[in-house]
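Here chain A shows up in two complexes: once beside chain B, once beside chain C.
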Partner chain A sequence: MTEYLIRRFIQSLFVMFLISIVTFALIHAAPGGPTKIFLSPGLSQEAAKVQAHNLGLDRPLPEQYVKWLGNLIQGDLGYTFKNHLPVADILWPTVGHTIVLMGTAWFLSMLIAIPWGIYNSTKEYGWSDQSASFISYIGFAMPTFWFGILLQELFALKLDWLPLSDMWTIEKEGQIGDLLLHLVLPVSVLTLGFLAGYVKYARTSMLEVLEQDYIRTARAKGVRESRVIYRHALRNALIPIITIIGLDLPILVSGAALTENVFNWPGMGRLFVEMALAREYSVLMAITIVTAVLVIIGNFIADLLYALVDPRVQLGRKGGTAA
Partner chain B sequence: MSVLLIAVMVAGCSKSNSTDKEGEKTDTPTQTEPVGDKSTDPGTAVAEDTPTDGGTLTISSFSDIVSANPLFIQDTSSGDAAFFMFANLYDLDREGNVAAEPWSLASEKPEISEDGKTYTIKLKTTAKWSDGQPVTADDVVFTFDAIRDPKVASPGISQFDKVDKIEKVDDYTVRVTLKQVYAPFQYVIASAIVPAHVLKDVKPEELLKHAYGTDPTKTVTNGPWKWTEWKQNQNLTFEADPSYWGPKPHIQKVIFKIYADQNTEVQALLKGDVDLTQAIPVTQVEAVKQKSEINVVLEPGPLYEYVGFNFNADNFKDKFIPFSTPKSRQAIAYALNRQGMVDNVLKGTGKLMNAPFLPGSWADPGDAVVNYGYDAEQAKKLLAEDGWVAGSDGILVKDGHRFAFELQYNAGNSRREQVAAVMQQNLKDVGIEMTPKAIDFSAWVEQNLTPGKYEAVLLSWSLNNPDPDGESIFSSKYFPPNGQNSGWYKNEKLDQLWVDGYSTVDQNERKQIYAEVGKEISTDLPYVFMYQYGLPEGIGPKVKYEEGDRPEPTLPYGYFFHINNWWIDSK
Partner chain C sequence: MSEATRHESQTAAAAEPGWSRHGTGTASSPNAGAKPAGNRMKRPPGLWRTGMNKFRRNPYAMTGLVVLLIFIGLAVFARAIAPYDPARIDLLNADAPPGTGNHLLGTDELGRDIWSRLLVSGQVSLTVGFAVAFVSVLIGTLVGAVSGYFGGWIDACLMRLVDVMNAVPLLFLNILILAIFGSKFSYMILILAFTSWMGVARLVRGTFLQLREMQYVEAARAIGVSNTGIIVRHLLRNATVPIIVTATLMVGGAILSESALSYLGLGIQSPDTSWGLMLSNAQEFMLLDPLQALYPGMCILIVVLAVNFVGDGIRDALDPRKQAAGARRRWRAWSRYSK
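Moving on to the complex of A and B:
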């Protein structure tokens, strides 16, 4: 196990290093890249040059990269180009805001989807299963931002029950009740989106397992049906679900830019779009790196969870699941 | 969607200008169109009762500020924020003249010497910074010197390139001497200043990185409201400064709320989350107007759209410029149904133009310019006279070259996308093949606009002051990559007229020169001038003002015109 962790960690470092090089190179290759950031028809070329020089943007690229990486390793995400604000001060609050929004939606959708999918697998094509299918279709087919606009129109404008957008009412910042009210609409939109997938995965994955020989054996031995479902089938069915969850983990932080835009949620997805438009490359690079770290962590957690639900999974062994 | 606005605003042209003696104006430009729709909107914001103090004004903004430091302001949002916290040396009156208002730092209008080269700025002795220090000549000298210093890298540097010296005469008097007569200079000094006592020890090259302008606690200001909070990408808060030296504003608190989505921004106005929106997308104007208590100000802003031609043969296939003759360009102007675009794409929120002067402004030459009405027959006639004959595919041909060109605009700008589509059809009707091409804005600026590499563009200028001077965008002195004449246009007569235009401070004389410019430029057509436009402003029911303090969209920051006198009806 320890050996596995160390190996995994070293692998991750290497992946991170590659990601940092690729990110840095791509961003600098883009038209309108950092060295051109001050070139706008409104600003004189000479002023643009001086500003670029003051910020070290006229140095050779490898030199800039090494400096950036050095700072990054020490936890310094750098400063924005245009107004010299610490990137960390801009980035971290949005990470928190996105976790609140996405975490709630994600947790809620799991809470609904997994039991519901399991139940539906036992009553295939029943009314519950059919309605889950119907909701899934809607969730998949409807663009989330459009659904968001519909909800805003109805609940915030017509009925005036809920706030239109934002995380807090400005005067009520920090009050949990106010936050919950603001969460209702965006969380509904996102939950529907997550739910659509999870309920199907849970159902399909259960159905697959229920057809296995060992389930038939268990039933033939006279094991109680509830024990068959929750003890024998569920454990096995959870493995593919965990894979999906692991892959989805980074979304919790990277956010849903469209939903965040429509509901004016001050999260990371929205930040990324805004910083891309403002060409604040130091923020974009920081977001990319943070997201990359989360993808790696997400996969890692998924691996650990496999071992937890299925003792046959031994981490670090070649071939993985062979017992 | 925000590309749309950025594209317009970043392309803002650093024109600088001047108007002089008030009495000489022959028209009152801003009276030409009613503000808002008062006859049908019973609940307009115009006052019915007396002003009350207090209350909060929430303004929606489409993007966050960069820095509120007046030395570095380039974007609209930062300018808007600075408007609330900084007093200006001079302000503009409704007609766009430089004026020393009760809330201006100067005590009287700038005194211009006989030869037109020396400007004397007299400050009020009562003005104070928010930390209690007086506003003095030192602050003015420091600010102007900083802008002029290349090491500071202020975007305003080119506005000061005609300045010879800046001197402090006494604690409250500053004298600026120019190298040559430059009438627009009056508008250059109608600006905010920074406190010397806070910034004088900062090295010039470190000023951009200084927290002044980004940290509210370190930003010492001198305006009616002081900056109390900035939550990045969420909101900015300003509160009436109890120690403000000028006439106290009625509104206690001003909040800038930043919206990432224009649709949400408009809905927030409808719901009452915000009281003032500077930009309602034209597609939503009808919906907002239906809500009767919202006052929609439809008058266009200080910006205009144009089709810019490129005159550098290197940019064309076989070095053949299809629109090289004035006749061919005039034909294009006649072929375009501009009024149709204003009616259908802009939903009536624009005014046609034929010269680079805002309709109704003092320099607008009116009938002196050639007016290009929509006339396809006239276009065909001109093209035939110019030697074009229909080819086998219906497209005109001359000397073996087809009349075909590419029109570039920025991707994501739905207005330009629609206008370009109409143009394409209009031009096809007269035998010209125009291909619209949308390009990502930053790539476009870098690869096409700055180096002047394109065939034709659909773009806008936003005018940051009311002076008619346009040398920096039309004169051959300003070729790419260092100048803004990105189409390599050269017309010696115009080059001289622009110089003549700013070389006198006599407004009557200037008016005649700009009439001459208008005549020449509307005949020669380096651009097809399209229309003045602007996104309508929406004002919610809580906001009240007297008729004389209503917004004036044609002025820079005119959507906040006389906001010191507005009040909030908290009932």
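Moving on to the complex of A and C:
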């Protein structure tokens, strides 16, 4: 176990190191190089030289990389180009907002998907099962942002039941009821997508359990069907369901760029797109690295939980289950 | 051949998918043609023939195929069918409701004909979908084949690369690259392909790891077949079916990704048009003209649904053991690109 942990940890460090190199290289491979990106446009040749020197852009690339990485490890994510604000101040609040949005959708979809999938496994190809299939087909084929736009048109503009976008109404900032109202539409959009996957997961793992010998034994003994399903099968089916869903933990932090953009939600995904359009490369680098690190940590935790919940899993043999 | 025997032989072949490929020299190996004509009656149909029959009997897959072919036809002849130039601005007829004059679906806020724009957008979206699937299957197959066949440090390096690609949030990576290098049509295809080959690579590698220890591979090596020969002729052919299935399933994902990037303003740029771009436009003007958002979204939904049905049909026809894989992959693609 400890050996596995150490190996996994070193592997994660290595992957993070590679990601930092790739991100750094990408920025420096941009046409015109970093000087064009980081320096103000319209500078005279001499002034540009001075500014490049001040920013350390005239140093050799490896040296720049080491300096950047050193700062990053110490939590210094750099400064925005336009207003020279610390990137960390902009970034961290948005991470929280994203987690509020994604966490709600994730939790809600789990709450719906698990009982629904289990019910469907007992009535295979019944109307409920068929409608779950229908939802998963539609959910995977539909552009999420389009669904969001349609919901906005119907519930915010036409019926005026719910707020159109943003996280708070301006004068009600901080009120939980207002936040909940704003959550309804984006959460429904995301929940549909999550549901599309999770109902199938729950159904499949329940069906796998129902094929086991001990279920047949229980039935043969004359145990009531409801007891077979909710006592014998459910307990064993829940483990894989919860762990599979747990493996999706990294999704929570990898942002919901599209949904956040449709609903103007002040999360990480929207920040990223906004900054990409504004060519704020230091913010982009920071977000890429931070999310990658969070995803790797999430994977790591999910793997551990997986082993803890189900003692049959041998950690050493499972290898990397990245995202 | 009577109906009954044909059915029988089909189920026999279906029970053992791919059995005639590199099996133990059964009836349909290349030498079978030398057998007396009488025996040919009993020769079971091969993998492809069986698959085709199965596909034809699948109503979902056939509907998907017909719809997809209609969309492809419309896309190919988009410029010829479109009654107007999709970029032609006509401010006098802006925001015309559907059915005004020659405008079948009305016009947008700049007076551009929506029906013409939909057609040309379809051309763009379908091109991206198929091109991305093709390129990423090419990359994935190459990486997976090299990785699985040679193993050792090459394999370790390539698989770490896969790990890295899987840990990076791909939508962010795409946005980052497009922001740095600019949004060009060709860039977008390459970028989407370069960020979606990992599934194919893993799949090909897995098949290769499994097969490279087989005796027929050993025999091929013993008689001096080159590495390339073994990879292409003996290993890759066994991975054809899953590769085809993955490729079809990838088309829908690529169409969705393109629409997402264009919606965010980093994909196709005006005056060119794509369904995603039309949607982002429609959102701005949704108070004025709520119908505008409906058409492009419907098109994406229908095309992707059709592609997915065809993909599932091909999978069921050729590789019936892999029932669940499609849903899982689609969920993964969704959680990466569409949230």
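The criterion applied here is as follows: the second predicted complex is superposed on the first by the 251 of 323 C-alpha atoms of A that agree within 3 Å, B and C clash if a C-alpha of one lies under 4 Å from a C-alpha of the other, contacts with A are read in each partner's own complex, and residues count from 1 in each chain.
The rule is short, and it goes like this: a contact is a pair of C-beta atoms (placed from the backbone, for glycine too) under 8 Å apart; a residue touches a chain by one contact, two chains touch by 3 or more.
Note that the coordinates shown come from a computational prediction; the quantities given were computed from them, not determined experimentally.
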Partner chain in contact with A:288 - chain B first, chain C second, else both or neither: second
Chain B versus chain C as contact partner of A:277, first or second or both or neither: both
Which superposed partner A:259 touches (first chain B, second chain C, both, neither): second
Which of chain B and chain C A:2 touches, first, second, both or neither: neither
Contacts of A:19 with chain B and chain C, given as first, second, both or neither: second
Which partner reaches more residues of chain A (counting touched residues only), chain B or chain C: C
First, second, both or neither for A:152, with chain B first and chain C second: both
Contacts of A:144 with chain B and chain C, given as first, second, both or neither: second
Partner chain in contact with A:50 - chain B first, chain C second, else both or neither: first
Touching both chain C and chain B, counted on chain A across the two superposed complexes: 31, 149, 152-153, 157, 261-262, 273, 277, 279
Chain A-facing residues of chain B, complex: 2-3, 6, 10-14, 58, 63-64, 66-67, 74, 150-155, 157-158, 205, 208-210, 213-214, 231-235, 237, 255, 257, 259-261, 263-264, 267-268, 270-271, 273, 440-443, 445-447, 449-450, 481-482, 484, 486
Chain B-touching residues of chain A, taken from the complex the two chains share: 31-32, 36, 39-48, 50-51, 54, 79, 82-85, 89-90, 93-94, 149, 152-153, 156-157, 160, 163-166, 170, 260-264, 266, 270-271, 273-274, 277-279
Contact set on chain A toward chain C in their complex: 11, 14-16, 18-19, 22-23, 26-27, 29-31, 136-147, 149-150, 152-153, 157-158, 190, 193, 196-197, 200, 204, 248, 251, 254-259, 261-262, 269, 272-273, 276-277, 279, 281, 284, 287-288, 291-292, 295-296, 299, 320, 322-323
Chain A-touching residues of chain C, taken from the complex the two chains share: 159-164, 166-169, 171-173, 175-182, 252, 256, 259-260, 263-266, 276, 279, 282-283, 286-287, 290, 293-294, 296-297, 300-301, 304-305, 308, 324, 327-328, 330-336, 338-339
